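First up is the structure itself, then whatever we jot down about it.
Per-chain numbering from 1; labels A, B and C assigned in written order.
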């Protein structure tokens, strides 16, 4: 199964910044294109006070810092140049992480969505929305928030598709800043299905595709969880994508590029489960020939060899 | 505000070593010069048993290891070549960290200062001393130690200037080896002012410049803390520099180069506060085109673009 | 003292993968050869479900994943090409780590040893076995396991030599995933000698060489521990090698290449103790000019300068 989409991680939450300028970004979009990537998804348009575009609303109302460059505009121009689809990731105020209340995210994004569509909606590559709240089964109010935000995105943009990318509450679902690599109280497949069925039911019509992050469960659990995800997605009318993480969750350095063998295992499990599309978090740090992590360039080469021998 | 000084980190305390030889160091001094750096500051001349120059005193009395190269001599030669100012950082026995008693540092450096001035004082680039004890407000005996050491440095060297670079006990003041990124009991601006006024008063005449590390507080606290620092420095007759950290304290990997936007925020806050000079910790790992961290080279390029458009 | 052997770390336990293909591996064997390395030691042939060669036994009986490439075959071909000696590292089921019972490792490797010798024993570079269980003094059943496995290796292969590489239970013996760098309850030299004498006595005849990892004790303890190790090895008829770790255990990033000065200290202590051979963990990440960690290439250069000036 081929990766045809990638997140763009330029409000850096826990992945160190590469400090690229326009030239490096343009080269990277071309590297993406060369391995069949047709979709780029901005992971979020802002995180707390750091933002990717000079949003009048966020500067005035959230005390955000004036960004040195308009990354949203840059990414849309490059996506236009390369004929790729761009998904806009909503703003993350950080308040949900602090308070557990999704209402902050709904309130802030009400304005962000309008502003962004007005400013950037004319780009031909603007093709969808990414509801950037990363939730898991225990996230209170998630279905309601996704419903509200998804509908608003669609409304302003004549129904452009919306995407979510939640995580499975598996054994590797630990905080990036934690020194441990796994936890004991992982979710069972049965709980996963029951809780996510409820959420999927609640977001019907407002969310078009779900791309579960594939890195929180063990490799031998992939088939079971993927089968359940596909069954649920089909039942509730969602597209089922996989978010094939290209960084390695099993190492003390958090995070460097994944071992190719692991990425392959995950992509093949997604293919067996009949998934609709594979995207990755993310190309520019973990798979790009120009990544600051040189292992990424080698992963790019291994991946190219792999897709060259896939059946057409 | 332009960075015109950098630390040289070659007794590596918590930043992994780059294993450069003379050629790489020479190239790095040139990269520094090219972006306006006129001052290099040896972060410390020794840490516990590892030392930067073959000190007879430290080899005989502290069981230090014979260093493979005389870095102090190398750095002074290169500073001479490039017309830069070199500040010598005192020896850190590690005993203060273990016992909380500064007396060890005073005792050891009494000999180090004499030895170093005798050996290297003739270099035209030898232009100052860095009192390398990194202290915060709670460091017992710090004012007395700085007073003693600063006066001795000045005495042997005909009054060459002395520099300190303490940290603000802010929310990000956590140990490098800790897995957390912030703490709850950060200092208030009022406590900061009261405690540091006392310290500044106690080091008057012995210390010429103070460069607070700028990375332990949040970006929206910069203006408040910087204003207080400048007011205190003015009141007690110290030059007020900023130590603009070029590594990122907000990431799980401790430490990689900082996001340019963050560095810019800190430099501009220092400019607004009317600071006298900006130095960084440190160029060679975090801003150099030849750093092992390739993000550093991109930071160098972003920084060059930034200073090119500053008003002259 | 010159390093003449290196581990090959391609089932990555805690060191992130470089994703090299055959070309990069061939180049790396040449870089090794150029600095006098004549022996390569596969760190382990499998770890839990990830394996280095398509073992019928492990695929069928341990649920292992089909590897994308046969690394054992690749390494043996390259060792043949370069005239190097290859040691095969046994399979690590992970069960010892989970249960404390070595019997799992004995049972699995009974089949692995036969299979591997049958498949790869004809390569002229197949010159020894590495009993890959990394043990320390408290490892229950270690002597018995080494005895059993060592004898079996020798039996199938007409007595090819066997190697172990245990760790000293020193102050830096902390888990890679732990955020701390040292611990309080380090072993004393006396306990070390008494406990290891017992183990050495128990593995006589089944193990030919022991290469203690040199990174768990402080630099000023090297001479004492090395002298004891050599004395014990001599007494019980083992070759005494050192495993000179080329990564730095003293840094918050776990793990990057070591400071050359530290590597030199360790090699010189091994020379003073009269050790028979120095190997390293490991060349390809931490000393190679093509490592993803660029510090490694500089370490390679420093090391080359060092061996160039050693007495012949």
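Rule of thumb we're sticking to: a contact is a pair of C-beta atoms (placed from the backbone, for glycine too) under 8 Å apart; a residue touches a chain by one contact, two chains touch by 3 or more.
Since we're looking at a predicted model, the values are computed, not measured.
Its C-alpha atoms fitted onto chain B, chain A is found rotated by 120°, rounded in steps of 5. Of all residue numbers seen at the chain A-chain C contact, under half occur in both copies; the interface is built from largely non-matching residues. Centre-to-centre spacing of chain A and chain C amounts to 39 Å, using the average Cα coordinate of each chain.
Shown for chain A are the residues in touch with two or more other chains, namely 179, 253, 294. Residues of chain A touching chain C in their complex: 179-181, 219-220, 248, 251-253, 256-261, 264-265, 293-295, 298-299, 301-302, 305-306.
Residue ranges of chain C in contact with chain A, taken from their complex: 12, 14-21, 24, 49-50, 63, 65, 67-68, 176-179, 253-255, 291-292, 294.
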